[in-house]
């Protein structure tokens, strides 16, 4: 029972890292990023390539995550510009289609050119004993990293002026503009930041098992589910949703099977949209 | 509706029908080209269906493959496990697709869900469908699929009769599209696509029209999908995935011209050509399609029909 | 003229909302824009601050062309709009809302906060309360206060008396007069005509998107049309 719970929480933290990016990009840019999972894959594959060229694991990971961030920045300043030209529903529609296309471009490219590249990271110690329970070292490292990232993110959003400006744009873009805040500039920063967080989730996958070039779409879908259930405009909701859905997924996968577990998650997302589109767990940005 | 536009559409459809009917003669007896041209007809028909759903009402359904697949799988599984005649199971499958499509539209309009949520709901449905097929292995045979040859739809087992069956389906779909668009419903659709709020204020029952468009389009998806499954000789989830159906249809319609009569036809020809060019590169087609989708929607959404209209003096519907 | 609008034409989806509107305001002047609902007052303000794009016409601020600029840039030039919808940040505290109001003015934040709290002491009491939980009148106060935090040169107020008790309204206008003397230009859209005309030096009367009347407030108060339409005097 307990190992599954821990697994679930850890997986959940990873999902949250991914999903928060979707929430931020949607809240600030009004675009639902259907290519988000590809940021994670980019980081992982970049890291794997660097490692295979002799770069130190930690440096490679940092560079990989950075690569994801740069990728995000480039995407915001190029592809998404086409969507930003419009407002509201038009932008949403265009954003959906463009990011869908991007997802396929990355997926197609990686599977065509680098089909056998995968990121697998092995820690020196396989497992640790915490309070008498044996946990995989990978889980511990990942959880600590995720928690640290979230803490930093929360401090940034609540404590700094830029962070508050970002929250204000999510809550009321018109109001933010009336205060002289420029959403466009902040957007690029946020997209890059979201990509970096996704990149971390990708590295985490490499720690847990392995990250392959074909996992981009799966990551995106999981991130979408979590973001929708947690509320596409609520950061706190997304965090909580990630952990909860991670736990649900862990138990469902174990007791019922992977396919049905995914169906349950998808069904939860659909239900959320139908019953409470603002998010089952949405509160407080 | 001016008389001119009426006859322009009929002339166009007649021409298209004639040209397509003569294609098999042009390509000789080659089974390879027979398959390519039949597939072109199939995807063009898919695009007409999507044009119905999305062309004027902007309902972005990201579950086109799943709708076609639901219809096909229901029919095949029922025929296979319950030994029912395909002439019963195929209509059942089609009705299922139409029902689901109409349901998604209805719920989304009722709940005031915008593009984004409809997109996510339909995307989620796509995946639920895919995983259901894989999960209900005993009935669906999972990824390996079920052989549909010999299940009783003889007409779709020969390559040439299949071509003409799909041609008939395509022409009928186009005619249906034309009828709807030139009826009072068509006027309502055009009003909807211009400005939904104004249309609603003008007394147009936005809900009914949107749901109707979605249902009809989904029925069409179901028809083409189930016929395709029998034609293909094998039904598998890969036939109806996002990559196989949704993205191709999006490209077909947007390259041809969203909301036009001939858009799907022109788009279908273009995509068939592109598919041929990309075939030797295997997996690369995913990349090409993704790139095309981006380019089309970012820079070229009006489509070929629009471009041609500017070049020639007469009406292209 | 500090702010000048020339021949402004604004349409929403082919429907004209403003036709050939020209107004102007000087430094330290309070100018009223009055008219019935739908006459275009809000659209005029939104056009000045860049929230809607005019079809035709020019908007000048101290020599700079405003039309075509985005809202954040116009705000940074010193023009602040307090909309009737308020556009607050509901899940942030009063203090945070005010902080963001001073986003472009961080250095003066401390003293501005003091000033604003003396203006609206009720806000000081509720400093740590979430904006979304405030009463209508308090939200109105916060919206105006947030606008003031940007230390504007031109303040566009859209129906600022909504939801405020008359005593508070009087006090608010008293304080705004003080600010006016220190150089603030105020453009005021009000449905409460006598209130608007008593506070402003000049006013424009908008009807159906056109400037129907204009002149000094004193003169307008005496206009028979105004008396009939807005003051209920036969």
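By letter and in written order, the chains are A, B and C; residue numbering begins at 1 in each of them.
One rule holds for everything that comes next: a residue touches a chain if its C-beta (ideal position, glycine included) is under 8 Å from a C-beta of that chain, and two chains touch if they have at least 3 such contacts.
Given the structure is predicted, the values throughout are model-derived calculations rather than measurements.
Novice: Both chain B and chain C are touched by which chains?
Specialist: Per touch definition, common to chain B and chain C: A.
Novice: What are the two chains with the top count of C-beta contact pairs?
Specialist: The chain pair sharing the largest number of C-beta contacts is A-B.
Novice: Could you give the separation in Å between the centres of chain B and chain C, each centre being the mean of its C-alpha atoms?
Specialist: 53
Novice: Could you tell me the distance, in whole angstrom, between the mean C-alpha positions of chain A and chain B?
Specialist: Roughly 33 Å, centre to centre.
Novice: Report, in whole Å, the distance between the mean C-alpha point of chain A and the mean C-alpha point of chain C.
Specialist: Their C-alpha centroids are separated by 42 Å.
Novice: For the complex, give me every residue of chain B touching chain A.
Specialist: 58, 60, 62, 107, 111, 113-117, 119-121, 123-125, 127-128, 131-132, 134-135, 243, 247, 250, 281-294, 297-299
Novice: Touching chain C in the complex: which residues of chain A?
Specialist: My answer: residues 161, 164-165, 167-168, 171-172, 174-183, 284-285.
Novice: Going by the contact rule set out above, which residues of chain C touch chain A in the complex?
Specialist: Interface residues on chain C, with respect to chain A: 49, 51, 70-73, 75-76, 80-81, 83, 86-92, 96, 99-101, 103-104, 106, 146-147, 150.
Novice: Would you pull the chain A residues touching chain B in the complex into a rising list?
Specialist: Residues 26, 32, 34, 79, 82, 89, 92-94, 96-98, 100-109, 111-112, 115, 221, 224-225, 228, 232, 257, 259-260, 262-263, 266-267, 269-270, 273-274, 277 of chain A touch chain B in their complex.
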